[in-house]
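Chain IDs A, B, C and D follow the sequence of writing; residue 1 opens each chain.
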Amino acid sequence: MTLKTPREYIDSLRYLRENLYLFGEKVKNRVDHPIIRPSVNSVAMTYKLAHEPESKDLAVAESMFAGKKVSRFNSVFGSTEDMVKKVKLQRELGQRTASCFQRCVGMDGINAVFSTTYEIDQKHKTEYHQRFRKWLEWVQDNDLCVAGAMTDAKGNRGLAPSQQADPDMFVHIVERRKDGIVLKGAKANITGAANSHEMLIMPTLRMREGEEDYSVACAIPTDAEGVTLIYGRQSGDTRKLEDGDIDVGNYNFGGQEILIILDNVFVPWERVFMCGEAEFSIMLVDRFAGYHRQSYGGCKTGMGDVLIGATALIAEYNGVRKAHHIRDKIGEMIHLNETVYGCGLCCAYEGWKTKAGNYQCNILLANVCKLNVTRFPYELTRLAEDVAGGILATAPSEKDFRAPVTGGYIDKYLRGVPEVPTEARYRILTLIQAMCEGVVAPSYRTESMHGAGSPQAQKITIERETDMDLKQSLARSIAGIDKREDPLDPASRGGWKSPA
Amino acid sequence: MTLKTPREYIDSLRYLRENLYLFGEKVKNRVDHPIIRPSVNSVAMTYKLAHEPESKDLAVAESMFAGKKVSRFNSVFGSTEDMVKKVKLQRELGQRTASCFQRCVGMDGINAVFSTTYEIDQKHKTEYHQRFRKWLEWVQDNDLCVAGAMTDAKGNRGLAPSQQADPDMFVHIVERRKDGIVLKGAKANITGAANSHEMLIMPTLRMREGEEDYSVACAIPTDAEGVTLIYGRQSGDTRKLEDGDIDVGNYNFGGQEILIILDNVFVPWERVFMCGEAEFSIMLVDRFAGYHRQSYGGCKTGMGDVLIGATALIAEYNGVRKAHHIRDKIGEMIHLNETVYGCGLCCAYEGWKTKAGNYQCNILLANVCKLNVTRFPYELTRLAEDVAGGILATAPSEKDFRAPVTGGYIDKYLRGVPEVPTEARYRILTLIQAMCEGVVAPSYRTESMHGAGSPQAQKITIERETDMDLKQSLARSIAGIDKREDPLDPASRGGWKSPA
Amino acid sequence: MTLKTPREYIDSLRYLRENLYLFGEKVKNRVDHPIIRPSVNSVAMTYKLAHEPESKDLAVAESMFAGKKVSRFNSVFGSTEDMVKKVKLQRELGQRTASCFQRCVGMDGINAVFSTTYEIDQKHKTEYHQRFRKWLEWVQDNDLCVAGAMTDAKGNRGLAPSQQADPDMFVHIVERRKDGIVLKGAKANITGAANSHEMLIMPTLRMREGEEDYSVACAIPTDAEGVTLIYGRQSGDTRKLEDGDIDVGNYNFGGQEILIILDNVFVPWERVFMCGEAEFSIMLVDRFAGYHRQSYGGCKTGMGDVLIGATALIAEYNGVRKAHHIRDKIGEMIHLNETVYGCGLCCAYEGWKTKAGNYQCNILLANVCKLNVTRFPYELTRLAEDVAGGILATAPSEKDFRAPVTGGYIDKYLRGVPEVPTEARYRILTLIQAMCEGVVAPSYRTESMHGAGSPQAQKITIERETDMDLKQSLARSIAGIDKREDPLDPASRGGWKSPA
Amino acid sequence: MTLKTPREYIDSLRYLRENLYLFGEKVKNRVDHPIIRPSVNSVAMTYKLAHEPESKDLAVAESMFAGKKVSRFNSVFGSTEDMVKKVKLQRELGQRTASCFQRCVGMDGINAVFSTTYEIDQKHKTEYHQRFRKWLEWVQDNDLCVAGAMTDAKGNRGLAPSQQADPDMFVHIVERRKDGIVLKGAKANITGAANSHEMLIMPTLRMREGEEDYSVACAIPTDAEGVTLIYGRQSGDTRKLEDGDIDVGNYNFGGQEILIILDNVFVPWERVFMCGEAEFSIMLVDRFAGYHRQSYGGCKTGMGDVLIGATALIAEYNGVRKAHHIRDKIGEMIHLNETVYGCGLCCAYEGWKTKAGNYQCNILLANVCKLNVTRFPYELTRLAEDVAGGILATAPSEKDFRAPVTGGYIDKYLRGVPEVPTEARYRILTLIQAMCEGVVAPSYRTESMHGAGSPQAQKITIERETDMDLKQSLARSIAGIDKREDPLDPASRGGWKSPA
């Protein structure tokens, strides 16, 4: 086993071709750039856990191939227990980074492509699955970081890919060559792409007949020829460029979203895992979405733990930790956070084995999990802002706090209970501010809303995945429209049918 | 194995001493009384499932003693899987009866008493656990129905048992004899007590020093000398006495709540399982509450399935099943229902083994489950009323529908889409009405609120069961109050500590 | 002035033709029928207030014609202040009856027909408005009770009136005679119709070209030839037939919903106020809906006051009135109730004068009011059930309470704090039960949902009534898409335009 | 009349003593500082409206003294209509600035001090009211900008002012001189203080006996000797220092919160309006809070209009404006926004005349208004984030958009519908981002939560201001605990009593 250390991982990024842009300029050294480094650190944490005795069991998985130990983020789920460990790993990483650690899209994409390629091959006598396993083993062996890249630019959201005025609004094949294919388009807001070695391209929605060129899955190095990366802004991002560390809120860790441009990128056949099988795009999307909607039950509850802890601390620092309404609000935050976690766990436990042999989580429950994620972190931030007090969004700068004239005043007047230094109170306030309105908000709020699909996507899937026929026949039996069940008659069954 | 058939169960009730009162009179034949029979049928369904090939796996459990097959409702949970099956069994029964089937309090009480008696014995060298196992084996062998009886009359809710003006407001020991103890007091709103052979008495809250006489657990036949049962009313209960079946809403099945009076009831020692060990009362209460708060994740989602099905049907009968806002509301109902179910499942999967060897569900997650139950079924009824239309609460009587003059008018004018007979629409409307405002509402709404403890009890438990120290230390580390975690330093750990 | 006394009103009902059916039979004496009488009492209260010195100012209005004093329920609103008084009158009546008092549909219909007929006449040179004023003056002079009758049977809700398989699913003209018209169809769930002398027929939705026969408004005596009334059931209605008064919850007062059959009913021309002017149907519907959606800001807050008071009392009787979570929940109930009231008031204050001279409330704000009514009373009932405790839905019957054996037990064990008689606690519990799940629930819940149109109707109106162009231009200006406003340049105006 | 023009106002700020700190340094020219200027512009807008023909009626008020025309922000409310105009003025300013325009605290403070000083004088034979009127006339005549300064540093929130370890945690009198008093302490997060000429100091909570030195109200020039101002940070504030204007979101306008240090500031007697009358502190606080909790019904709905408009535009730019779920969400945003507005209006209309002759809004309804403000803007931001899509929080920088390599890619790939330039979409996204998570969020979210007191303060006031005795007696009458009202008996009154 050669699992990378955090340092090895970070150093490996230094060898990537310079293709990342930030504030209109090409970034020379992405690893040490103060705006980017926190996001690198968050990924590094995923490597660190694989070496910790206490976390190894979560962070390292048994590979389905040849029994090797691999990073769970590069693993194929061999059991429901593996998916449970995934969620627990995500919660722990959310707790320790209070940010997006960027590797879940890759992990979830790997598993969706794994099972979908198997079924494409079965139908079409293709060889995608073997290719994919080969690529995956190489990724595992080198312990690479893989970004999942699904979301397209999309243009007019009311039109299908093939109806767009600009055909590039969805990534598509512009040329089929003997040795491979050439892609054009963009993948938008791709988590951690500039911190990854590889990216796994997947279609973003159900493709129809005639959209074969859009039905493409493949692996591309993030620094391949023709790939350009543009760094997304976050609220409060430039605070990382200021002196001091308080105003950032979360100084060491961060998320990262990248606009990926694919400008005639060549992909050799051995890296192509779907190429024109439009009817399988929805299977890939659904399975990926199932996995990834579950993921939010892990990472966001870990971040929620930090926010709950910060909220309890600020209440203590303010001298009101025991007030009934404060306790009630913190209790509510815990309740909502654990509801999300429970949903994340149960869809793992209720998973099933695919034809390819890996495990898929329960898709209905995974969507239920994610739909709660589009609501509850927002309520947690609201409650945190309530408990923290107005100072949350109006505190002076750290520079004022360090300066001679203003520093003394601030130290004196922004103190809460006298036992706690003003600086501690300051720090907790900026952490809460960062999670609610600052640099963490894109991870904790917007990503909770839109990551793995917007709420409407979950609503539609929930509707589709439920057995309405059963529910309606139950109602008809109880109401006496169909024959009612007679408890004394063993042959009478009412609206109920056996579970599959 | 001699698992009772539904008929054997029903007939066995005929032998109980007449001690049940309804509308001020002693009930001669409780089994065939039109108001009571639906509740008997619901219990009978629990017996029926044990004989069904498709449901057996859920309804029958392997006993921890001697490998016998016993009713799951009388079983001790031997694994987390047993608790998962419990929830699935409850959902199925909720689906098939659209009512409370009354046996969960007993099952959950059995498991809580099982593990608590073991720990009392360990500390006090008592022999409660062996007594309890003996009683339980007898219950299992005879496949009896056991009512759990925990809630006391409580009097002034602001005062402890020993502070009440009337000492009988909590069940207590009035005499300790050589051969047993004598109890006085009442257990209030006890589910299914008149349909049970035995009842398992448990203390209702944490007892303090000086409240030894209130710290009592034991088993009593429901028709023992000194026991009087008074039947609780339900909205729309007397519709069961009318001709016809439509207006009842749920004609075949129902719930049952009983006020149990214990007027100097003698209990022999072999049936006494706690007697004065005040400090163990809270363990018993908490474990019971944990199990029982989980139970609502099963039964109420089964009832929710019926309500969702009925709502979809009425939308179809009204001709608006495809309308976007209707679909959105039904999708929301499913989402909320499955959120509850997911919480019920995950606390089972995340259970742990007690010292006594049986399994306890995760108490934090079980409380989270129940707190959602105090909210979501209410929202489901609101949405069902929205979709159903105002006719829900204003339709004429079945008698009008059957009568010569009015019948024709109603048949003509209460029709929705012409393809569906008016009677079918009528029946679905009364089912929804029954669940929202009628005879099922006490089970689906009020019991969701107060069964297994009111919402405030869950809030307090959630607060207590969460690891706030961890959460606060996470926040202090991220904020830089404590040393921040360095991803490159293996020795650096931030606020995080290993999971227990 | 000859405003009827309550007794005169009640006696006047005795002269109506017997055309009311209940439980399949024709009702001989509706006034003294125990199920119907409470609804008569509620209407009688509207007459009583007109004679009370303290309430007169609310209950009696200056007629726009000849300065007579008339019942506000039969008045035309001459100012915004008149509409404010309407809401305050409704709140008071809700407080004093804890039920629907049934006269608002008539009042709101009168005002909508008043202004719409004026505008029809302006366009079509018809004489509807004069006819209507004449009829209205007669109603005012005789202080009659008028039921507004708008909702049709509707059949397939996905189809327009003219598309229905059965043409009678919406009330329509089957014959135009020299002396009048003949109507066929039904009006469904019409509030208070059996307690009214007159009914005011109005179309239920926007009629299209080709639906002239469905575009009809007119006044019909409730006992006219061809009119049949069928009484709607309510949860717990037959408790009024039992001995005792406790179990009913609200013994003296009640609501009433009637299915009205119009079987070839002749209407003379002087009572016809719209006859084929399809394009005006939507004006009539919208104005009526505006008025009536406001009305819920009055009556339901009055009922909410009773429920809040009952909830505070049960908390006191239980000994927990001071507990923080109880106070918080009661505070929340007040907050929600007053939010509804505030919305009801403001749409009156922000009203405008119609061409006919009477006042219309602000339609946007009235719809906002009603949409809150479809949500908040439901939350109030949920909170009331929370505070009340499980006994709410499981208490024994009054007969048990009065009976020799069980009475003593109940008196002893259902007592809360010792200072309060058990009977008082009993009575408050049944009142809450009645409002949440019993005989008042159709008025307090279902009517809140569907009265004056279902929530979707409000959503659509709110969307239509808002000035989206203004809002969008504001956003474009702030964002700098349009020229930004320069605060120093008086000519610069940004996205803003002057209020109309 | 000499109402200042916007330019005159801005220039007047140039004469203020330099006592403002930002990022640890003294600000030389606050008016032209890029971070501060937008907040100056927002105040300037309040001056601009007074000169606009269309807005004058809202922005200019008749003074109660000598019939002069004065800025409404410096006016005393002479009627309920004046308070209605206040709310409408606030909504318009919120619409035109999409930010806090900072003058409401002063206006609301002026009115609270006006009526409270009158009542102090009545009791204590003091002359505060005359002093205050004199100061106010001077303010009106010079059309000055007044900051209301109420919130103290507060230290340990669990302790009263006199119990604090540091006595300066609440502003207090440290010396009483012949010619005036000397104050020490800080006022925290004071809106617009650096843009104001004067500040009106008021106590922050109910003072008790022994806290006479804390019971102080007075007027101080913002640049008086001993006054130091420290500028509060906002999420994304330094984006204003970058080239370009898109990334700021709201480039021209902004809010401002200031930490005011009072370090032994002398106040001459003619500027002192309360000095030791502890028992009147709560009257002042309550009246101010009443006015100011109403204010949020104006300004925040104006900001809400901008957010709703932006949300509708982004939906249009994305090509999904007609999708049902999008329309439903925008409709919900309107509904919530108008609910807040309705509450703001109704408490004005239902106001009452104080002894001093000015008008006070209804305090119960004003608190209801504000409690909704602590909830609904949060839900509006959540819905806006939902509709906008994930790009909201991940878009590249304007610099990337303007740069040669990346600019073309961004222009191509971030386009929505082809008819709309990418830049327009960009701008709307950053506006929404600013309101949800960026520079406007402190105004639109945190201020909505904590401005004019945190939600718990509203809950407590709502509980206190409601007539629970009436509500309980209503319930007792309906339930039959007290005598029930007989509708036929004019002397029977049930639980109801006449309105005050």
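Following the convention adopted for this analysis, contacts are C-beta pairs under 8 Å (C-beta built on N, C-alpha and C of every residue); 3 or more make two chains touch, one makes a residue touch a chain.
Keep in mind that this is a model prediction, so the values were computed, not measured.
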Query raised in the report: If you take the mean of the Cα atoms for each chain, which one ends up farthest from chain A?
Result: C
Query raised in the report: How many Å are there between the centre of chain A and the centre of chain B, using C-alpha atoms for each centre?
Result: 37
Query raised in the report: In whole angstrom, what separates the CA-based centres of chain A and chain C?
Result: 50
Query - Shared-contact residues (touching 2 or more other chains) in chain A - result: 325, 328, 459
Query - Arrangement of touching chains [line / ring / star / complete / other] - result: complete
Requested in this report: Give every residue of chain B touching chain A within the complex, in rising order.
Outcome: 6-7, 10, 41-42, 44-45, 47-48, 51-52, 54-55, 84, 88, 92, 95-98, 245-246, 249-253, 305-310, 312-313, 327-328, 330-332, 334-335, 338-339, 341-343, 345-347, 349-350, 364-365, 368-369, 371-372, 423-424, 427-428, 430-431, 458-460, 462-463, 466, 468, 470-476, 478-481, 484-488, 490, 494-496, 498-499
**Report entry** chain D partner contacts - residues on chain B that touch it in the complex
**Finding:** 324-325, 328
Query raised in the report: Along chain B, where are the residues that touch chain C in the complex?
Result: 21-26, 151, 153, 155-159, 165-166, 168-169, 185-186, 188-189, 228, 230-236, 238-239, 242, 247, 257, 259, 261, 263, 318-320, 322-323, 325, 374-375, 378, 382, 385-386, 389-397, 399-400, 402-403, 405-406, 409-410, 412-418, 433, 436-438, 441-442, 445-447, 449-451, 454-456, 459
